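You will see chain A twice below: alongside chain B first, and alongside chain C after that.
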Partner chain A sequence: MDLRRRTFLKLAGATTAGSLIPGCKENVHQLVPYLLPDDQIVPGVADWYASVCGECPAGCGILVRVMEGRAKKIEGNPSHPINRGKLCARGHASLQRLYNPDRIRGPLRRAGKRGEGRFEPISWDEGIASWRERLQTHRGHALMLSGPLSGTTAQVVKAFMDHIGGPLVIHDPLVDHALISAVDARFGRQVVPDFDLAESDYVLSFGAPLLEHWRSPVAMGIAYGQMRQGRPAVRGRLIQVEPRMSLSAANADRWIPIHPGTEGLLAIGIGQLLLTRQDTSTDVGNSDAYPDLFKAFDLNEIVRRTEVGYDDIERLAVEFSSAQAPVAIAGGPASAHTNGTAALTAVNALNMIRDRVGKPGGVRFFESMNPSIFDQKEAPISERGFLELINEADAGRFPLVHLHHCNPLHTIPPSIPVRRLFERAEFIVSFNSFMDESTDLADLILPDHVSLEAWSDHEHLDEGRVPAVGLAQPVVRPLYDTRAVGDVMMEVGRSIDEGVPEILSHETIRDAIRSNWEALLSQRNRTNEPDWFETAWIERLKEGGWWGPARGVQSPGQDRRSPGYEYESALFDGDAAEFPFYFYPYPSLALGYGEGANLPWLQEMPDPLTTVVWATWAEINPKTAMSRGIRQGDLIRVTSPHGFLDIPAVHFPGIRPDLIAVPIGQGHRTYGRYAANRGVNPLALLGALFDRDSGRLATAATRVRIEATGRTGSLTMIEQREMHAMRDLIGIDRINTWIRGSGKE
Partner chain B sequence: MTTEDFIKRMTNIPFAWSSVGKAAIILLVCGGVALVVGLLYASGAADSSAQDIQPVSFSHKFHAGQLEISCLFCHRYAHVSSVAGVPSMQLCMGCHQNLGEETPETKKLLGYWENGTPIQWIRLQRLPDFVYFTHEMHLHHGVDCVHCHGRVEEMPHTPRASSFEMGWCLSCHRQQGGSLDCLTCHK
Partner chain C sequence: MTEPKQSSSSVPGPYKWEMAIDLDRCTGCEACVVACHAENNIRISGEQEAAEGRAINWIRIERYWEGEYPDVTVKFMPVLCQQCGDAPCEPVCPVYASYHTPDGLNAQVYNRCIGVRYCGNNCPYTVRQFNWFDPHWDPPLQEQLNPDVTVRQNGIMEKCTFCVQRIREKKELAEKEGRRVRDGEIAPACVQSCPTSALVFGDRNDPDSQVSKLARQDRGFHLLESLGTHPAITYLKRIT
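For the complex of A and B:
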């Protein structure tokens, strides 16, 4: 070993300095006793509370381990019919929402100019008084922008908005409006049906992100496992058709990189072949209705436009027709085009040709529940619906705007000028628990509890084989001076006028939930004992909710046999010559549309396909990249007709050479220390193109061009394939270089 | 070649004895610092170095010895939990509220109680995080408090009676036929 004097001194110094590091540790520990002991708490022994996860609208049942009044760990609730004891990473990370250092800790009033981000703390009495005053001034002209709502809270918010007068607008970017309207067109029901993957043996998926965020990803994961390994003799097959290899495609038996926006055409091609094959189990009535839809395109034309070979299409058709229980599903990129509903309608038609509706392993609808306890649900609006809202705001209809668990300035592209809703408002009230881009513009912030501190219920009565209502109870005392939004609305609603709706007349949201549950349980669990409800209520709290017996499959009214929506080609924003690439921003597995970006565990979770952490990246086919001299990690400028973003490139073999894909989720300007100023928000590049029939934002319908900037981006990956001159995880390379360098002196 | 020649020859080879000396000194200094820090760190991991200087000078000798109060009266979770539990302020006051005689130390206790703040005791006994230990299991197997914590009823202050190191645990586990599986304590 060639050990020079300088090297020796450096190493000796580093060793000594290193040995001092533990000395920085605070090593006096304290024992702090209770002032008054709690009978229910034994220190060192955990209590487990059943509740409901609040991270996404799927509403999985959870069990929370609580010690000494502090939530420590979250697991899935084994008796909950949706997730059956399993839980996804986002559910586990919701602990960090509770303990997040950037939570809003009490009511705030704007101190500086709007958007300046300066707020001063006020008391709840002041906050509520100031809100009530505005409500009275602007009776009938209030707007409530809310994230997804469920159960009693949904009723309370709706009743409150009806009471004070003004629209309740539900915004949830993950809702697949194209799927809903395609199902409605075909079956006449405004619900997402149950795709019975577990019993299927051939799943033909047109981009459905079933392992990422399609409906309840946990329930889908369980069904997927059943489909693959749950039956002794059958291993179900999964075929994924989409331009970019998603996690679902990576798990599929075959991935078909179709030309963006032509998923519906492929379904039509398969349908043509199915109809010409005589061995389909089609009933005559159905097949009569389809030739119009399926014969409109020549198969050669379909091969040319989808860029899927004739042999491949034929193979899919043969497999789909010969499988015992095939099912065709669609979503993700397939519904993110201007022809999304039309494409999904064509995919649904495949299920009808094979007569897979109402069959095990097919598309199922269930009898709806009789009791209309959790009625008055407001459906989420599509992004196109915002244009109308903005017009109304321009006309001065909404001087008072409320924000509840949503951040439209981050989840809606600027080409839809949502900001005008805020600019035209005289007063903005936010109930969000975190400072985000939208709440930053608020005049008054009345922070809600986070889900682990709050009462709520989550009903799944219209969907799923087992009707279920999850019951969420607070597992810890509220950490800060926050209040449940339901409680605040009830208090203000009662004081504002006579004629208060019944649901608002309760003292707290807990009382409202209890009265709903009394109605729900009295239908089944009622006994003759006078305090039957108390007993049943405690039982339901322990169980984490109520689930009924499995219900029968209902065949939907097939009165809408004519195809609901004519197929048309997808439209794109941007000239093909100037913007040669398709662009697909997709919801990040961990961060969703950005709501998870303030939780470090989710930031730290490597993307399953690229292994990138804590960043935004642009996926580019290695061939495309090489031909343009773009190396792994190089900063590329992605330009659309609506702006440009500089994003580090990741060579990703699972993407078509004509496509650039970027995960959504980062790019927060303000959302706490872990999210702010990290990465970019690819939605900023999107044009205001919508699915023709459902109004869903066509997120895949913008074209871009790319150019190298000559700079290297900041990118951290766990797996460092083909990395050149890039920042790595712990900088071992740099240390090696440094030591080698000093050895040569 | 004579011995003289050999020595001459050897001394002609340019060998910097002084630099070896310097290196040795540097190594010694570094090693010394590392040793001291390491010792402090190792002791810090189990807190044995902390002195029993508590915010209120509580005497086990008086309470457990003279008054013969059972350990489990105050440390009431020891037989149901992994931790023995520090008595709540209310438990202290259960007796102290009715005492006529006041000393400076009991006045301090009253002060805490009236302010509604708990006493922040300095922790003396602590196992590292990688050790899974439960009081409950040991009490159920008939191990007395004294066995590990010493005769606290004779101690005005409470030093660590045992080392609480792995060898010490294992010697008892061997004698008593306790589990010797690694995963029993390191889960």
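For the complex of A and C:
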């Protein structure tokens, strides 16, 4: 790397000199060159490195612009099949994770009592020695709590935990376990299938967060643009069914504010009508799909419970049956109930009836890449899985707890007592880069690099038309005294015992990645040259990864569920009389579950629907608010059976009158200067209710009541000021039209 | 239009930089807003300054609620400097800091600006933003700053430049290679990152450029076009 950089700088110097000559010359031709805007002058030449974005598990390909050893700008990698040169707001902001002033700058040891937040710096040798000692004492009794993992890193962490003995628990609050479980029930595959938005002409979405959090929101954005305006003569339509208007619903052609928890019922109603229309419609395919399911409910009852009118249901059925390439898709609030899997199964049945599985514009599975070099993948566990884990911890099974890029004390509600995992532990090691709520309880902190400083790879072998593995290289030298967690695990793993698994026998994570890539590339790029791999490796580094040819669509597996499958109703925590409102905390577009809250660009990014910055707010229907005398910005007390929070109210026209919605993301007690003590974490109000089949936390299943506190909250909205200043552009245009109109009279 | 070897400076206005924004594609995801902050060294305002209306965004997503529950719809509209052909901000500047480039951009010469804010007052699109404070980055956040773009101090008016540093770079490259800038070769930060490709940038003097094709569509309109500002941004209506 260094050598390449040095060579590059020499070349760069020469090109810079060359490029400046015509620039200067041109300026001289202008009469007053020093009065040109000075940002028209291009002083340096940039170096670009291909890598992989680490802000969310989507793993978009990026190109990072580096000048004088500093990362300046991130752009999408045009050749990466997931994001094709595009990038979302969070991807851009990962630069502020790299240069964040609140990073942990070296190994730390707890100085005060646990949780007091006092740490002292130590050397890496001390840190590793202290960790190794604990590993030896608690051999076989360690626990690793990790954020989502991919590629070689996933293998290394798994192999390490197998080696020292103890479970690797992957926690990712954005994983839709209900969707995976519904797909598994029907097709026997534990993957999120590909919903081909781009080629569909009618997308019927039951709460799916397509444009916010659907795997790669960038990939979905590309598909959405294609669906709307990418094809001559076809403009795809999007219908969004959900109790609160999300960003996806805001972009839909029609928003249907359904009664919370009845999404599956509506799908059943539509299915009934589709089946009765079967005689008249030519291409209704699979009428055997769940016949019992569709008979179980009377349409009148469905109308009553969903609060969607008969005409609306009929219109949906007519549209769904007459569209050329319709697709039904569900997620978000539809998965966030105790009947999440049941609801998603019912929605999926619509695709079965219309025979939309394996078709362009429908639901697709792709041929898997077996045998994959990245085996040993550990699936994320559901929130209900944590209850079991806590029981085991209570029995003293986990005296040693590790935290790897996750913050369960912030992302899991206190009604699931994850704190006990920490309390029962004798020793807690964190590899996190920031002092978050969970790391704050650690005894030893061995900080990892941030993604822009680290080697990693990110595989997309089970998903997408084009199989891909992104390759991430460090784009800058590590800023601080941090170490790649893979390197540390290999070093410690080797020193603890002989006979380490092969993946841990490498010197560094880079070597492990190279060895995997040699296996990956030898199947395809091998030539007779002895150094074929070096050449291929450099090529892949420049390209940012490896992508195969587009693969075929695979026919789905067999239905594993018995035909007598029954729908069930959603359960709620809290008495309807005492707690008259439904409550829905949803992941923030910018901050996710809170991991983006320490990045000022994301704090400053206005929420698209409310334009709020730097805060938490509670969305309330304007009529509900007015009837209770709650003005915009008034602090309201939201009380659930599990506690209360005071949150400033935002009058939100796109929400049911019986629902309160609050974005997740803020409410950090610690996590750096930009995040700490800002807003609230609405997860605190949730009860421990789960989707029956998948165990996913039912985040929409808690009821609340609201009271005005008589105080005004701190709520900054970008829009408010503009309305006061009469800067509403449509308003101005209306006034103009009015002035012109009256002038003519 | 131009000979390959001809220098662009000898032909007045060989390029006319324009943008098309397809509102049927725009989802309001704000990727453009953050991309712009990253590219153009836009300062971090913080909550207090944002509350006082001092936050700076060169591009913003306007959101309009229409109707009442349950028949409520939302429209998003990205608004940035319209790079007007007849810009109201230009004639009012007493020191010629607001200036019209031969390529049709409304440039802002920061080192001429004396901060009278007449231009901001006169802009019907409210896209000019004044620096009421010196910018500050908590170290080492300043390491990210783009060396191609000036950091603006207190008392300076700033606005979208269509990423003039990128235009400049590609123009010079094309000139060196004795050709015109290719369509799609220049992408301002917002255009480049837009996932749905709602934003398209290019040379309007080239009738075959993507932006020219889009701007000729029936759905095209200009923002507040009755004011006669002749914006360089064509919006394409959302279909509902």
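The definition used in the following text is that the second predicted complex is superposed on the first by the 661 of 745 C-alpha atoms of A that agree within 3 Å, B and C clash if a C-alpha of one lies under 4 Å from a C-alpha of the other, contacts with A are read in each partner's own complex, and residues count from 1 in each chain.
Operating definition for what follows: a residue touches a chain if its C-beta (ideal position, glycine included) is under 8 Å from a C-beta of that chain, and two chains touch if they have at least 3 such contacts.
Computed from a predicted structure; not experimentally measured.
Participant: Compare chain B and chain C by how many residues of chain A each one touches, and report the one with more.
Facilitator: C
Participant: Scan A:Ile329 for contacts with chain B and chain C and give back first, second, both or neither.
Facilitator: So A:Ile329 meets neither chain B nor chain C here.
Participant: According to the stated criteria, A:Ala570 is in contact with first (chain B), second (chain C), both, or neither; which is it?
Facilitator: neither
Participant: Which partner does A:Leu247 contact after superposing on A: first (chain B), second (chain C), both, neither?
Facilitator: Once the two structures are laid over each other on A, A:Leu247 reaches chain C alone.
Participant: Per the definitions at the top, what is the overlap between the chain A residues touching chain B and those touching chain C?
Facilitator: Correct list for chain A: 19, 22-23, 29-30, 35-37, 42-44.
Participant: For chain B, which residues count as touching chain A in their complex?
Facilitator: Spelled out, the residues of chain B in touch with chain A are 19, 23, 26-27, 29-30, 33-34, 37-38, 40-41, 44-45, 47, 50, 77, 80-83, 85-91, 116-123, 126, 134.
Participant: Provide the residue numbers of chain A that touch chain B in the complex, in ascending order.
Facilitator: Contacts found on chain A: 5, 8-9, 12-13, 15-16, 19-20, 22-23, 25, 27-37, 42-45.
Participant: For the complex, which residues does chain C have touching chain A?
Facilitator: 7, 9, 22, 24-25, 27-31, 33-35, 37-39, 44-47, 50-51, 53, 55, 57, 60-65, 67-70, 72-74, 76-77, 79, 96, 99, 107-112, 124-126, 138-150, 161, 164-165, 168-169, 172-173, 175-176, 189, 192-198, 223-224, 226-227, 239-240
Participant: Flag every residue of chain A that touches chain C in the complex, lowest number first.
Facilitator: So the residues of chain A in touch with chain C come to 18-19, 22-23, 26, 29-30, 35-44, 67, 70-76, 83, 85-89, 92-93, 95-96, 98-101, 211, 217-218, 220-222, 224-225, 228-229, 235, 245, 247, 250-251, 253, 255, 257, 479, 589-590, 600-606, 608-609, 611, 613-615, 621-623, 653-657, 673, 678, 714, 716, 718-719, 721-722, 725, 727, 729-730, 732-733, 736-737, 740.
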